[in-house]
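Listed after this line are the structures, all set down as structure tokens.
Both of the next two complexes hold chain A, though its partner changes from chain B to chain C.
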Partner chain A sequence: MKKIVFTVVMIIAAVIFILPVIATLALSFWNGGEVSAEGYSDLLFNCFVFYPMFWNSVIYAAVITAVQLVVIIPCAFAFSQAKFKGKGLLFTFYIVLMMMPLQVTVLPNYIGLRDLGLLNTAWGIILPMIFSPFGVVVMHQYMKSTDSAIIEATRLETNSIFRIILTAVVPQLRVCIFAVVLFVFADCWNMVEQPMLFLNDDSLKTMSVFIVNAADYTGHVLFPASVIFIVPVFLLYLFFSDSLEKGLTFGEIS
Partner chain B sequence: MKKKAVLIFTLIFFAVMLLLTLTARSIHNASIPHVSARRLTNQIFTEEFADENGDMQTLKRYSLAIDRELYESGNIYVLTQTLINGEYRDTARLAHIETGAEAGRYIEVISGLNPIDRIITDAKGELYDGCEVVVVK
Partner chain C sequence: MKKLKRLSFNTKCKLCLLPSLAGTLLFFVIPYFRVLYYSVIDNQFRRNFVFLDNYIETVQNEYFLLALLNSLILIAVCVPVLIILALLISLFLSFGIRKLKALRASFVLPMVIPTAGIVLIWRTVFTDTSTPLPIYLLFIWKNIGICIVLLTAALTAADRSVYEAAKLDGAGSWTLHRKITLPMIAPTILFSVLLSIVNSFRIFKESYLFYGTNYPPDHSYTLQYFMNNNFLRLDYQSLATSAVLTSAVVFLIVLCGIFIQRRYNR
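Right, the complex of A and B next:
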């Protein structure tokens, strides 16, 4: 009986969560009271600003994710292996930074970018996003469960930190890396505030901004754009879904 | 197997998006009227009038002129730029013009058009006020 109640509650919860996605998909084919693909036609064949914004989202998300990995892995490795004064304090600072809402950091970021002359450039979006504490914290927690004997053995062979990271750490972190990639990519893909605040030029803006401003465009473009907006993250999730659960349990499963 | 299918679908999705990025404008342009446009010329128009003594006088004016053939062919459309979906695109605006004197194949334009206006001289496709057009160079 308990199991049945639990299953029913879970199904209801799942339906509640998936309903907005299904509604978006259904409404994208609903136009003027009838089923129609006119919204897609309006978007894909009459709204050409959509394409640069789509590719901007792809480029920003891909570049930020790739560069974040380059920054995150050595950083997490240092937190987990290196011994230095103030390590605990610094890590606490990382956690506090991770907990901070975007609205708190967006103004200092804006001032910094303005002084560097990077407002209204792609770097204005990419640079602040590269140094995100989330990946470092997750990866550091996961690193605790890695086999340090492999790292010690590699250390006997080489003094190069980068070689140790590449040959002994990265293979053990694969599952966690996939989970972090998914979260970082989704975070970058969904960003709205940064492109709206740091960019003026429409040709540099992202698809999330297009969706926010969908009312400015003719035709029923909002829901079709939302469906296309979901696809890349959904595909990435499908690709990494096996690793996601393991990656986010901070290695407890492994 | 699942990862392979997702990977193939991802490649197809991005390939389709790339293809649409490269071809969407051409597909859109193929569905709207293609027009030729040019600026109006100025011509000398002669007007005869009687002075206070009743003698006939001739007044020559250098005014904006429109081709008689074009004027008589139907509505006159002016090429304009309109903000559509975040970018300026060529559109046809119906011009309401007032005509004056005639000289050979030209008719004087008194109002409704400016010297900087480019009028549509030839259109492949049906024009209406505000419709988007492609200008054939």
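Right, the complex of A and C next:
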């Protein structure tokens, strides 16, 4: 009985949460009072700025996520293994930086990019996001639960720190890496303020900016664009949730 | 290359920190000192040193105080609701009926949907703007996904054998979760709280599109509006000063979080 009540409550909650998503999907096929796919044809066949912006979003998010992994995995590994004075303090600094609202970090980012002459370039979007501290903090939290015996054993076999990280650390962090990839990719995918503030050329801007300014383009492009916008990150989520289950089943067996 | 091989493990580890540290210095720390500098001069052309004048002006600015208060109220009201809701849902999806796991997707989807379209839907549903409720609900709706993903991962990683033992000892499910589950996932809960606080500062774009103006009703005028309006007016001194003050407030919140965690661990 209790289970049924819980199940019903949970299903109702899920429906409430997904309702705006369904409304977006429904509205994308709703045009001037009737059902049609006109919005999609407006977007896909008549709106030429859409394609470069879509690919910009893909490229920025993919490059940032990939390079960020290369930077943060060694960094988090170092935080868990290295011994030096002030390590705790340095990590606290990363947490504080992670907590800083966008409105606080955007100004230093802007000044840094201006001084390096990187405003209005793709690097201006990519570089600061690569060094966002979120991944380091998450990765370090999970690094604590890794089996240090495996790391010790690998240290006896090889001297190369990269091989230690690749063979002993990365496999253990699989689930965490998937989670970080999902969050970082989604974060880049959704960013609006940075492209609007750091870029002037429309050819460099992203799909998120396109959607915010959708009213400026001809046709009913807002809701169709919103639907297309959801797809990449949702596919990534489906892939990730699948791997999460698998990764954890492995953990239970061994 | 030979030299690199002879380095001790500890030194190599420290070298691994370098790329991240260099980037952080270049794009966050060094420019932050420029921001500090901007906050103590009168303007960027004359560059007269005015010490704390900008700060005194900002903390006496009623709009800044209103914005700060509204941002803190948003955190105090929404973050606890968000975390408790996310915790209940993740507990149920992890320990309840297996078939319902697919429901998780419906809580995660809002995380990735662009808000420009959602805001239009929100406007037709919430016509009453005399309270900040629409924005609060939008915040919870959008941020529950990331909390559920984090908490579910922690719950799945938790050691099941402990449960079996406790169940054999006759513990009810409420006691079980309160005494075993909560302490086990406490670090993840704290992390979710911190992350939700960060994200509470990000609800500007949504609020801006919802009200469609730089000057929303008083109850929804948050720090982001204050700073955005300064950005538009190119008032760098006020912008730098409020950025420094906001970072100080956030710094205090983090210190509180760390303090609570230390006490909890003891």
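We take it that the second predicted complex is superposed on the first by the 238 of 254 C-alpha atoms of A that agree within 3 Å, B and C clash if a C-alpha of one lies under 4 Å from a C-alpha of the other, contacts with A are read in each partner's own complex, and residues count from 1 in each chain.
Note that in this section contacts are C-beta pairs under 8 Å (C-beta built on N, C-alpha and C of every residue); 3 or more make two chains touch, one makes a residue touch a chain.
Since we're looking at a predicted model, the values are computed, not measured.
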Is A:D216 touching anything from chain B or chain C once the two structures are fitted on A? First, second, both or neither.
first
Check whether A:F239 is in contact with chain B, with chain C, with both or with neither, and answer first, second, both or neither.
first
In this superposition, which partner touches a larger number of chain A residues, chain B or chain C?
C
Is A:G117 touching the first partner chain B, the second partner chain C, both, or neither of them?
neither
Touching A:F54 in the superposition: chain B (first), chain C (second), both, neither?
first
According to the stated criteria, A:P171 is in contact with first (chain B), second (chain C), both, or neither; which is it?
neither
Both chain B and chain C touch chain A at residues 238
Which residues of chain A touch chain C in their complex?
3, 6-7, 10-11, 13-15, 17-18, 20-21, 23-24, 27, 71-72, 74-75, 77-79, 81-84, 92, 94-105, 107-113, 115-116, 127-128, 130-131, 133, 136-138, 141, 145, 155, 159, 161, 165, 175, 179, 182-183, 186, 189-190, 192-193, 197, 208, 211-212, 214, 222-223, 225-226, 229-230, 233-234, 237-238, 241, 244, 248, 251-252
Partner chain B, residues of chain A touching it in the complex:
44-49, 51, 54-55, 58, 202, 216-218, 228, 231-232, 235, 238-239
Residues on chain C engaged by chain A in the complex (per definition of touch)
5, 9-10, 12-17, 19-21, 23-24, 26-32, 34-35, 89, 92-93, 96-97, 100, 103-114, 116-118, 120-122, 141, 144, 146, 149-150, 153, 156-157, 160, 187-188, 191, 194, 197-198, 201-202, 204-205, 209, 223-224, 227-228, 231, 239-240, 243, 246-247, 250-251, 253-254, 258
Within the complex, which stretch of chain B touches chain A?
2-3, 6-7, 9-10, 13-14, 17, 20-21, 24-25, 27-28, 31, 84-87
